[in-house]
Amino acid sequence: MARIGADTHMGQTVILGVIGSDAHVVGITILEQALTAAGFDVENLGVQTAKAEFVSAAAAEDAGAVLVSSLYGHARQDCQGLHEQLAEAGCDAITYIGGNLAVGQNDWAETEQTFRTLGFDRVFDAETDPEAVVASLERDLDMTATEPERASVNT
Amino acid sequence: MARIGADTHMGQTVILGVIGSDAHVVGITILEQALTAAGFDVENLGVQTAKAEFVSAAAAEDAGAVLVSSLYGHARQDCQGLHEQLAEAGCDAITYIGGNLAVGQNDWAETEQTFRTLGFDRVFDAETDPEAVVASLERDLDMTATEPERASVNT
Amino acid sequence: MLRDELIAGEQLRETESELRGRWPTGADADFEDAVEFHESLPGHKRFAEVLESADDPLLQPRAGIPRLDDQVELLRYLETEGGADLLPTTIDSYTRDNEYEKAAEGLADARDSGDDTLNGFPAVNHGVDACRDLIRSVDAPVEVRHGTPDARLLAIVTLAGGFQSFEGGPVSYNIPYTKEHDLEETIEHWQFVDRLCGAYTERGVRINREPFGPLTGTLVPPAIAIAVMILEGLLAATQGVRSLTLGYGQVGNVVQDVAALRALRDLGEEYLPDDVVATTVFHEWMGGFPPDEARANGVIGLGGATAALARPDKVITKSPQEFQGVPTREANAAGLRTTRQLVDMMLEQEIVIDGIDEEQEIIERTARSLVETVFSHGDGDVAQGTVAAFESGALDVPFAPSDSAAAAVLPARDDDGRVRVLEWGDLAVPDEVKEVHGARLDQRARTEGRSRSFRMVADDVDAISDGKLIGRPTASDGDTGGPGDGVGPQGGESDAD
Amino acid sequence: MLRDELIAGEQLRETESELRGRWPTGADADFEDAVEFHESLPGHKRFAEVLESADDPLLQPRAGIPRLDDQVELLRYLETEGGADLLPTTIDSYTRDNEYEKAAEGLADARDSGDDTLNGFPAVNHGVDACRDLIRSVDAPVEVRHGTPDARLLAIVTLAGGFQSFEGGPVSYNIPYTKEHDLEETIEHWQFVDRLCGAYTERGVRINREPFGPLTGTLVPPAIAIAVMILEGLLAATQGVRSLTLGYGQVGNVVQDVAALRALRDLGEEYLPDDVVATTVFHEWMGGFPPDEARANGVIGLGGATAALARPDKVITKSPQEFQGVPTREANAAGLRTTRQLVDMMLEQEIVIDGIDEEQEIIERTARSLVETVFSHGDGDVAQGTVAAFESGALDVPFAPSDSAAAAVLPARDDDGRVRVLEWGDLAVPDEVKEVHGARLDQRARTEGRSRSFRMVADDVDAISDGKLIGRPTASDGDTGGPGDGVGPQGGESDAD
């Protein structure tokens, strides 16, 4: 993948955090570093972040993307209503979720569908390479710039 | 299991060997030792023993039991016709087969059925403890002594 | 004010009765009745006795699912099919957050749907009788494993319920497990837990306590883990705990792991009071696992082999499904048996490895310096000193999500794969030790032809899941690229657009 | 008369053309054409080059199924999903017996039924073109692995078919693999095979030869295996082989395994001519496996760990289904990946174990004595000496089914799990060595409170499959009972009466 200069995404704020009472911090630490290195403005909310904190941070920063991480197996419960709250706050950010999204040895296709239904634009599994996240964000954020109707998918 | 005195089975000759072109010798070495220790007269034909050799040894010794071992996965082919030849030779010995009886990761019930159909009285898998073989033989050979009709099962 | 002093009996009873009111099941947790129940248990269900008298390392898995009957069945399976010597009951995340309401919902949901909608066993919601049913239904001692900063009610219910071992501690269940819990308060809460265990101990029921050694599970320098174990051990001993199992999580370098386990044992003996029986537990690799069961079995294999060399009293096993999620019972039992085979095949061999003493020496020096800094930060009081040392950064844990820790320490592997420190922050460590680490990391940097940086850390975090011990740069890494994963891009996103 | 001398070119051609007439596919095996085919292969398919230039141990599985397309698919799978560096093609038992007729039936049967009715790939029946298809279809070098006393036609066909490595040797593919084949004749047959490889070598196609080190796979004392490797290496070198991979099968004691691998390497260098490039191969445990995939993974884990410590040039991996039967391709690939993970995690660590030199010294002394006895038995001629030494029992292999070997040697483990010799028969070994073994076995006997006997041997044979390294008597064993299996009665019989 050709690297895009570090200043390309200046001003595109990305909200990052681990939702619910999940404390797995290593994944977002790595992601923050990769996104920052790629030139994104990252606001890392850390672990154990409530839905409401994601929403207010996204609204306050007029974020281009909200990245939700969940490892501990309660993602579905924790994300219930997140997209409705984002919409209420007038936030049209792209939303990603990634990590270990189900308890136990679940079928990925099913898990993915669950989170698409909840409103996430992209669903990433725990094998995700940080560079793949950077590449997706670059694509999706450029896309929202030129194709504003993209946002309606989320509302 | 209570041990039966070493002289109980004197005179009960047991034929032992690895059939076909199979050279796995360790199993029958261990079996020979256990059977001998238990008082059986063991005639060990060794590895790579042809059907005909089993038959002539059994007939010559008026054997009480013929124990066929096979590990390498060709047991079914190798045992084709063995029981017919034993019958022709007028041999009414109990027959056991044991070892690794199929190529690959086969279903045991199916494998067992295959060898029962070929005429074996008992079919043993590779987890067989030598003491279990001794115990079965003690049971079956005493039984043939008191219940001669048992032999007819094999002919 | 927080002090490392025995909680008075009266205060214990007062706090206890207040806590028992917090959730309906608390009412059933009568101490006298509980002592009687414990006394009725046969010797082979007494945790401390079984662990302390074992000749060879005992194996214990992790396991916890929401419903009682399922949990009993699971534990029995791990006993009979996995050959577990000691059993666990892992508690769900809501209970760890004291969100018993949410746990109740999850449990109801699990009962309705038949799915495991909680990531563990909500013991407080189940209550004392259910716990006793569980203890009665299995044939080995059982430990409560969790990650709860405020585990007071959980301890009250589970100890009354017949569990005889309780994992955790004020540092090890705060720093890696939460963001906002205040460390001082957490210590107070754990003083209560330890005091409760001490009360049982006084009555002849020697509850085993096990501080959680692996901390964040991710490249934790051994000396930091050991220092935390000593501190939590001291705090527990003050409250009357007499059976302590100090923990350590495998880092993957054999020499360092064996040295660390020895250092843990030796320093435990040195620092803990004589009337405490200290044992050790070795956790198989606690960091990111490979997303492949076959490779995961390789990681477990190295864990088992290291355990056989280091000879801890207990080994916590991993399953080949660690990467994916909570394992099936079959996978969990498989992890136990793979470990058992390796341990048993190696245990009778005398394998003497060179260079362990040197590594142990440097680990001990560092750990001692950390423990001593806590003493001096607290003017001799361990409780105060722990809070102050974390505040100043003199004591710190890498990747700590907790606001109570600086998390300024950054670890990286050296050229031999031993975990060293790249960024010290304000960690109270002698300069000579820092020089040793610096030299080793410089050597690695030279080998790899790159400078020491966070890139190394990121690469090391992924290394084992990518199939290597050390996160070397790979041919495909660009000069300015992101963290290499050693295997190339993999896994990933799945979107339907 | 049998002599260790280069077969004349003319005689080679004569024998070759006679052999090519034995089965229709022989006709296609034209040497010049074959040389051209080999020359057309890219560097990464040249076995000797790839193996000899590798920095780290290369991994190779075993695999052979009857049909060509299935075999290609299997090998590709092992390459892509297993990460095999070198590929095998294991030959079926009928072909090993030169029963091409029966193999043809089996192959036809396999084609009709879709079942794998042969336990390997009948390469002679498939013929030269099919072999070349196979070689073209995969991306790594491929070796013929078999167990054939008279492998001449197999070599003619497979080498013409593009295989660049050929396993076996006159001792290692006679003594453990057959009852009635005459050793002298087998040596003659292998001189032909080696001469054929030498002929390719002269033309720039350096065929790799790999004597089969594990022999009977069952508690083989390292020195015996090493002596056989040296003898087969010498015989091969005489015929012009220049790429030799000497083999050794893991015994499970780490110190002994590392020492043995080093002894093999050192003695190989010492005894083999300078123009031979000698490499080593380590076979993961070749004896009875546990009847449980999880435990089998533990055995494989110890194999991988030992390989990382001993650093052979190649490792032959086992699958977790070894006990049960020919593994599925998934299980085979899993064995590769479990091994890879362990090797890769350990390879960068420097782990220096004590006592290896002492063990290596005793192994070398013993092996040297066996090699020298062959020299003197043959008045300096290795071929003659080998026959004579086996005849006299001065050279012997435990559990050998072959009439050509005395099979009087009985091995047992000592208290540390190292393989020693309980019954020497007429093995030509210095008295001091015997004393060392005797003392070690006495020590074990004392530990176990029983006398040295065949019971120990039987118990040791079962030990690893029962979960231990050493076959200790178990509590359940009666005084006069049969061999304990360490785990108690298990498995077994299934009868419908």
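First chain written, first letter: the chains are A, B, C and D, and each begins at residue 1.
One rule holds in what follows: a contact is a pair of C-beta atoms (placed from the backbone, for glycine too) under 8 Å apart; a residue touches a chain by one contact, two chains touch by 3 or more.
On a predicted model such as this, the values are computed, not experimentally measured, just so you know.
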item	value
Target subunit C, source subunit B, minimum contact steps	2
Per Cα centroids, the chain farthest from subunit D	A
Cα-centroid distance, subunit C relative to subunit D, in whole angstrom	44
Gap in Å, rounded to a whole number, between the CA centres of subunit C and subunit A	30
Geometric centre distance via CA averages, subunit B-subunit A, whole Å	67
Subunit D residues counted as touching two or more neighbouring chains	none
Subunit A, residues touching no fewer than two other chains	none
Touch relationships between chains, expressed as pairs	A-C, B-D, C-D
Residues of subunit B that touch subunit D when the two form their complex	3, 20-23, 25-26, 29-30, 33-34, 37-38, 46-48, 72-74, 77, 100, 102-106, 108, 112, 116, 121-134, 136
Residues of subunit C that touch subunit A when the two form their complex	93-94, 96-97, 99, 106, 116-119, 147, 176-180, 216, 218, 287-288, 291, 321, 323-328, 331, 399-401, 454, 458, 461-462, 478, 480-483, 485, 489-497
Subunit D-facing residues of subunit C, complex	252-255, 290, 292-302, 304-305, 333-342, 344-346, 348-355, 415-417, 464, 467-470
